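By letter and in written order, the chains are A, B and C; residue numbering begins at 1 in each of them.
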Amino acid sequence: MLKKTMQKTYHWLDERFKITPLVEFMSHKQVPVHKHSLWYYMGGVALFLFVIQVVSGILLLLYYQPGIDSAFESVQFITTKVSFGWLFRSVHSWSANLMVFFVFVHMFSTFFTRTYKKPRELTWVTGSVLLLLSLFFGFSGYLLPWNELAFFATKVGTDIAGAIPFIGEPIKLLLRGGEGVTGATLSRFYAFHVALIPAAFTILLFLHLLFVQRQGMHEPEFFQKLPENKKRMMPFFPNFVLRDALLWLLVLNVILYLAVFFPWEIGVKADAFAPAPQGIKPEWFFMFMFQALKLLPAHIFLMEGEVFGILFFAIAGTVWFTVPFWSVFIKENLRLKLMKLFGIIVIAFILILTIWGYLD
Amino acid sequence: MAINRRSFLNAILGSGFVGWLGSIFYPVFSFLVPPKMPEANVQSVNAGLINDIPLNSSQILKFGRTPVLLVRAQSGEFKALAATCTHLDCTVQYREDRQDIWCACHNGIYSLAGRNLAGPPPKPLSQYVVNIVDKEVVVSKPKQIG
Amino acid sequence: MRKSALIFFCITLALLFVTTAAQSQEKTEFGADDQCIVCHLEIDFLPADFSNADIHLQKGLSCAGCHGGDVMSDDVEIAKRAEAKFTGIPTKKDIAGMCGKCHSDISFMRKYQPRISVDQARQYKQSVHGQKLAQGDTKVADCSSCHTAHSILSATDARSTIYSLNVPKTCTKCHGDQAYMADYNIPTTQYDEYVESVHGKALLEKQDVGAPACNDCHGNHGAMPPGIVSISHVCGACHVNNQDFFSKSKMANEFADADLHACEECHGVHDIKNTFDDMVGTGETSTCTECHGEGETGYQVAQQIRSHLGDLVAVYDSASILLKNVEHVGMDVLDMSYAVKDAKQSLTQARTLVHTFDSELVQTKTEEGKTSARHALHLGNAEMEELRFRRFGFGVATFFMTIVLAALYFKIKDIEKE
């Protein structure tokens, strides 16, 4: 009976929108099966986590009240008085962190498998922008509960942004909505977090997914060299989708476990006039940058250490995000080794500095 | 046998999926229903019907974590004041015989308008707004200026 | 004819000049062209405590107002002649009278402050300082000892020697000087004791001007040590309930008969420290056992009161700890915190009721407190139960999810067999 209804619906839509060619195309989509196939799932996990963020975020939006007199209280209200409020809040916070983590994993796995190569350059670029948007999502969302840690983390973060030469001060002013971190900052971050970034993210995500669907899954070099009959493939529908579902269900369970056993703290309400608490730390995905800036000496090559650090990261970021365009200029025989080394150095840099930041 | 096993699996999967959906939707719908106290920042509290409050009496109302003293004076007029003494945070009380507000900890005395008259309290008690809406006494936070 | 008219005219002018000058001298005591100060500034010979902020100077009363003399004249001889009523530096005995000339006259003082008191000099005469001075003792305090002579400031001015935070230092200038006070039969340790006491810490460290300084208990101008009867009244000015309970208790009469100093007996006087529950009872630090021995009624009552307090404290403490735990795990503490607050209020009241020395009254209050604390515990435990329930709920959800996961897994395996 279910099948009949589905067929009828399909026919109704096909008459009007000619969806058969599309369905045909999708039903023939294949996914290569090889020793690195596991990494194919990472993007999907990131997507799933994004969906969780949207759903839990919209729910929280129903009760959250921005404003320095109500933000903290409304989050407290959600976690104590609203039915399952504690659950959705902790899910939202944990899923946010996991999403950034999986975006990084997805990015590095596509890097090491050289997925960014032609014809997939724009997939890499849109992905890079999505990474930046995810970080900005995290940064803006972090302030919304208006607690002490968030307040000072935002202060320090926007101070660092302000250290960029020439454009730094205007950027800081635009971010903060004023000189210091105030209710105006909260309003802006709220607008960024629930309107601006979701809009931009959705557009870019749509493009990113469109490119992936249009071009199909990338085959790593060693796989490409195999004869056709030796290439093991699995159909996207239903095999890969079911496996995706399995993994997503597992991830959901992990998030629920974290939300129940390690609920997210409410903290202490922000007080602009209180002194900064000991050991303010940014969120973990900014830690490596933060620690690097801390370690730089006061002056390097006639410019302030901080400025040098920011420029370094700006340039490093640009280099990383334009990888598809300049890696072609490296000699064929060196390319594989060099890019691998480059990737390992980047990961090591991030890992070591993050750990160092927490030990400090 | 294979068919039976498949339909068994499908049945489990199907029902599992439905159960899973239910376990998502139940908390979501529960969440959507507003709790009894619908707002985070308590802006106003209902103190009861005007006829139920005797003259020359007082009660404590809870504005979130802040206690507020509602007094009905002998004249019938209502006064609402923050109930936390401005000296060392004890809870003040209304004295029916003297018709003033008193802090038992160190003998601080306030007038019904909240003015600190005698004893250690350095500041007056902040005033709350009292309105009568449909014979119901409603106490609310004063409007913030600026 | 013309010559004589001219001379006559000049003499008349001169006479007029002199008389008007003489008249104006009486009125220019509060004038702006103060020659005393001008001259003394020039020669850099001002009193050691001279200050521009001095309240008399600010209001226009300068040197001549107290010391007499001719304020308009810049000639020392003329300015300080006897006819100008120059009195020079007053002797100690003269000071109260000199200040009192204005400060005891309401028709004069009301010009400056309609509600000001004008009985300071009269009070002073009745005080220990005043009485001793009348007997010829020149070591005692006079007006200027506390107020200073030339840098007098209002009591609400934080720089003033009589601003409440500065009063202890002002009194101790003499009263803390062992050598100076050697002739008198009073201790000089009051300041050191006071600084360590509850009142001293409240006033000097926490800057709580509601806390008593020396004058709040001893009086200002009529300073006397409080008599035995008045000690509990003095303490009772702020600690109303304690005095009320004590005076209605059996102990009040016993204390009076035995010439005991009421509050001071158990709490000390300048060295009053924070009270603690073991001050009651029969332990080592108990004040009760200083008089009551084992077997006496008082001993038993002390034990009973102590155990009632202890019971309430035990429940209250567990409720407070639970409150912290509940808050730490992120559960709702709103109602619980009210219950704990109520329990604390009952505990404070129970401790005040100790002064009735009636263990039944104390017990009624501690029972009340225990009810509130138990209610708080009940609420807190409900929250922790809810926390456990959530974890259990998660377990159930995981169980079902595992089934679905297993089914999915087998489904995949099934599909891929083909």
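One rule holds for everything that comes next: contacts are C-beta pairs under 8 Å (C-beta built on N, C-alpha and C of every residue); 3 or more make two chains touch, one makes a residue touch a chain.
Every value quoted in this text rests on a predicted model; they were computed, and no experiment measured them.
Using CA-based centroids throughout, the chain positioned farthest away from chain C is A. C-beta contact counts were set side by side for A-B and A-C; A-C has more. Here the CA centre of chain B is 36 Å from the CA centre of chain C. Measuring from the averaged C-alpha position of chain A to that of chain B gives a distance of 41 Å. Between chain A and chain C, the centres computed from C-alpha atoms are 60 Å apart. In chain B, the residues touching two or more other chains are 20, 64. Shared interface positions of chain C, defined as residues touching 2 or more other chains, are 334, 397, 401, 404, 408, 411. The set of chain A residues that touch two or more partner chains comprises 81, 87, 249.
Only residues 79-81, 86-87, 234, 238-239, 242-243, 245-246, 249-250, 252-253, 256-257, 260-261, 263-266 of chain A touch chain C when the two sit together in their complex. Across the complex, chain B is touched by residues 59, 62-63, 65, 69-70, 73-74, 76-78, 81-85, 87-88, 249 of chain A.
Every residue of chain B that touches chain A in the complex is listed here, in rising order: 20, 27-28, 30-35, 37, 39-41, 64.
Per the touch definition, chain C reaches chain A in the complex via residues 329-334, 390-391, 393-394, 397-398, 401, 404-405, 408-409, 411-412, 415-416.
Per the touch definition, chain C reaches chain B in the complex via residues 208-211, 237-241, 334, 337-338, 341, 345, 348-349, 397, 400-401, 403-404, 407-408, 410-411, 414.
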